[in-house]
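Consider the two complexes below, in which chain A is the common component and chain B and chain C are the respective partners.
This part shows the complex of A and B:
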């Protein structure tokens, strides 16, 4: 049953209650610093009910604790909350239908740039965002970027967490070729990949149309050389000396990869890594946990380590994160209840148990939650703690907009890299083609 | 082998002894010729058609370790079969419920579409009112509009009618692509039924409705079954409307629900996904097998004059 009534809240299912209790026990070990800040006055509308859509869980306790937290909100306020979960690939269509028809759920937790695409259909959440920011040590840079509408100080989305894709590698292979960790400079990283290839334990990074892994690798390649798709004003800047340098580097790097990476989707590196065909790749924490949870592949998990993507010519690790971003629609008849619900879910009593239940799959957008017990639960996931503490986003360095979302969805950066890796285009020609495509997209 | 060569080598059938004769092979035919022109292409065809089902079936029973490691395990065989994926699908998800919902929606929209298409096809083909040909063409053009363009306008209508997130949202929208298809299929079928039969009935004093129910429809059963099978299969497999109009987890149809439930981020439960697809395709296969004779006859020709 998905509707949480008062009675339902009191009769919370055993599984959800157990998961919540376990997460709350762990949360008791967290010391989340919270400032004494008055909550915004949001008088809840009489007879309010809420309906929310969010992407499906990574792990079962994610859903159970999220529902249990919603039940606590029902207990506290009397507002019934219905939460439905949809597939990751499907949330965009559901959001498009909701935004264009002006009916449906009051709240949707979409991904990253969704609130910026439907900004005109949304209610601002500035009041609760500012309250939460002041109370919990401030919003991390990626959260601010995805939450605030470009050129304003108005919050249109409320980020709930992000998942990043650092390097994941087999420690034994790294040691075998004489490295303790992946070097942060391009030359060193290339040397590592060549040696792994020579040892028949090659690296592999997605160059196919893979939403997470493909964009993640292509973005890293260009960003780490100092390039970017558009500048701060949204002007296309991909055809640059830095981009050509990045693509020349790729020409040297690509032959060290396991064969077939040009056709890789998001799941391909998971399979190749699990089958010990690929020994160094970039992925979210899901790969580690899927290896750890299967007795047959547990030794691979024990031999695996995570590391942030190499910095290249920059001083920071150039990587972004897939961000859960909640939005409240204008058509909601209960905007106060909706905002009160979001604020309630982000309070430490609810948010920290949820963060812990997610085992590190999602990382916090608010600075204070860095002290959550989840980051000491498994040393191999600690690296994900700072997923939102970075300055890179999809469409960097430009404003987040429909166009930046489209450039991402059309794999402009990925296909530029793939065309060079496959030998179909020279770096200069590929950069020119990417510029042409980007200009068409950003023309509006 | 050439025809001339086969003529000289083929055994002459013994007409007098029917029990020992080889009635399947003509005089110009031979075993090797049949192998090349019949059995070999047929085998290729069957392998291509059945391989996806084979792959689904073996994936549904393979442990994860075998699924991922093609070097150690033969990808076409199962080393140690497991029922873990089936158990996950049937007992840890709401699969039976999704199956029931899908069946209800598919059956209801199929009947609704058949009813509407029969009336439409009969009117266009037999009543021959002014502009009937253009109406037929317009219905066909409606079929050409892709669902990816239609789903947002349809969603607006579904909301305004208060049907959003109910099975009726699908039962009433699936006919938007089923009716044009079935109507065209039935127009063709009705065309093959001799008009003289209806004229005789008219002379005997039958009304149009009586002609339709007592003369035309009994003769058109193979065509109706053929249209029904198409409608049922299209409804069963439909994805985008089911995704857009249904948001509650428990009301989803199989194609959408298995993706929601069994794909978490970039982790795909391949075994359970394939088990879900395999079990989901069985009702269609069973439904089809009952009516395959009618289906074939509707495609190969209708009533002989």
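This part shows the complex of A and C:
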């Protein structure tokens, strides 16, 4: 549990303070269209109290506004809500323990696939999900994918937001080599990377064991060529012509990268970009804010632009996002209170200030929040508005499951790409090896 | 008055205490209660986790759910998994080269420190530093030293001295990464070996050297026929420990490369963690961990039987 002392509060950077102020100011400005839909009847159990786990904040105001919203719920209903903030690495394990022991928090806001792994231990949240969807313009595709149990229409998770990793590049470098923006086709993108390399301002994408960035790039590479790890039924389909084409493309693309990306972890591209060693990469919005908030790197932030990942042979931008996904456990003695709390937190009066407080780190799952003031607060952040408005997810095109999470955590796609990039394997052999590993992972 | 009341008490008291006293005088009971805390601790924190780990290796448990008994299925899969073979190869290679390096340099350092040097005790304390620093901290330091973009060595050779035009590729391809990690492990392991061997050196009686000097021996002969044989028993113990520590190393590899590039630096310990915790396959991860046991037993037996004569280990006189 994070306790904020007075000293800690005083230590908060100017960025946090101004962000909070901006959040309060903007809250009045957002106009979130809401349909007039009756709320589901959820009589709150007498004497109800709730305990919730969620991942720690990106930015301080996230936690403050979240706690303030929970306090408003307590005021309105008398239900005490205790919220514990847990480190990102720990939340999966704590969810597993909670699910397996049938004790602990009533609600957990986990990541992406968690509700699908523990589906049998959860109560459905279909009623509040349908209510919120009708009221706020419908759920975006990624939210539907992560919320609804595969093969049914039942909601087992309530997505709160997602964070995606588009291209981030230096405008000056792009102009220098004669481009306005990164081309959406493979040939054009390769041409851009070659010219950047020739100008000694190379691109760089993580090919090391980086859970977020590595998978983001490998998924983009394969998806944008029309390949995918598993098909709609969860059958392994990685060893395909499209995958081999993608890996052949990588063989040409990889030499244009800044050297060493095979050893890159999740933080490496942030460091290389901040040091002007790498001029085009893919990352979440955190990179931009860390540049912007440090006076020394502020000029880099001003020179930076975001752009969705190139479409390749597809008609959409093949990118997924890390999703916050809330679930209510069957062992909770107060299921109505828990669902009422989740619905309350997603209502515009609470959700919009929270979205604004997050500065764009998290993007909304409900269509109506596209009008939130956060997306006009900084034009360079506006692109993240559509993070959940896409048709791709980790484990595309299969059902979201334990196995899709494992394939992600074991870097099956990343290592397939890295083995080709480093010349250790031919594209065909790498695709076969990925197939072998995926078969094992998806065998159940 | 007091005498009359105390007299019967004197009779009764031994009768009251009797069973307690007798209980505590009873050897089997004493043994049980004295051993119970230790056995309890060992069972809770050693036997139970070890047993659970071995049990898990024969199930298909995942983080999401408890598994069922699958017999040797996990091990059968490992035998046909090139990643596991790769980890076995690198674990053995890593242990072999790193142990050799640590003992060569550690013994050399111990011999140097055994001489009369100014600030001898200060130097000996300083030598221990790499070993005292928490491994993760030194691992992070090496992670920076080996960084593809920001390595101080690359900076030195490219920007300062101008000897190279490209950054040094420490951890970007398989073999350099393997040797870089071995280098970090040797750096960290030397002090343990050096200090242990130094202690061993100081137990060697100076009279042996004096006798050898009178016989006109050379420095090499004194090392070869006095120092080395006299060091062998402690060498065996230290080597056993060192092999076990190195073979089961986790932090250095996980902090610096996470087993990359493309799994070329996975040790069995890091592979077990990768499969078991982030990958969620507790059963398979446990099987990988259990597969280390035969190697460790073999390494232990080898250093015991090959390097030390039995009499020394049993604490008897030299022969």
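We adopt the following convention: the second predicted complex is superposed on the first by the 420 of 444 C-alpha atoms of A that agree within 3 Å, B and C clash if a C-alpha of one lies under 4 Å from a C-alpha of the other, contacts with A are read in each partner's own complex, and residues count from 1 in each chain.
One rule holds for everything that comes next: contacts are C-beta pairs under 8 Å (C-beta built on N, C-alpha and C of every residue); 3 or more make two chains touch, one makes a residue touch a chain.
What you see is a predicted model, and the numbers here were worked out from it, not measured in a lab.
Aligning the two structures on chain A places chain B and chain C in clashing positions. In the superposition on chain A, A:297 contacts chain B only, with no contact to chain C.
With both structures placed on the common chain, the touch criterion links A:424 to chain C but leaves chain B unconnected.
By the touch criterion defined above, A:154 lies against neither chain B nor chain C after alignment on the C-alpha atoms of chain A. In the superposition on chain A, contact of A:209 is made with chain C only, not with chain B. In the superposition on chain A, contact is made by A:100 with both chain B and chain C.
Once chain A of one complex is fitted onto chain A of the other, the partner contacts of A:258 are limited to chain C, with no touch recorded for chain B.
In the superposition on chain A, contact of A:275 is made with both chain B and chain C.
Of 115-123, 151-159 or 241-249, the segment of chain B whose C-alpha atoms clash with chain C in the superposed model is 115-123. Chain A residues in contact with chain B (one complex) as well as with chain C (other complex) are 93, 96, 100, 271, 275, 277. Touching chain C in their complex are the following residues of chain A: 92-93, 96, 99-100, 117-118, 208-209, 211, 258-265, 268, 271-272, 275, 277-278, 402, 405-406, 409-410, 415, 418-419, 422, 424, 433, 437, 440.
For chain C in complex with chain A, the residues that touch the partner chain are 62-66, 77, 82-83, 147-150, 166-167, 169-174, 177, 257-263, 274-275, 277-281.
Within the complex formed with chain B, the residues of chain A that make contact are 2, 53, 56-59, 84-90, 93-94, 96-97, 100-101, 103-105, 163, 212-213, 266-267, 270-271, 274-277, 283-284, 286-287, 290, 294, 296-297, 361.
Put simply, chain B touches chain A in their complex at residues 63-65, 68-71, 151-152, 155-156, 159, 164, 240, 243-245, 247-250, 256, 259-261, 263-268.
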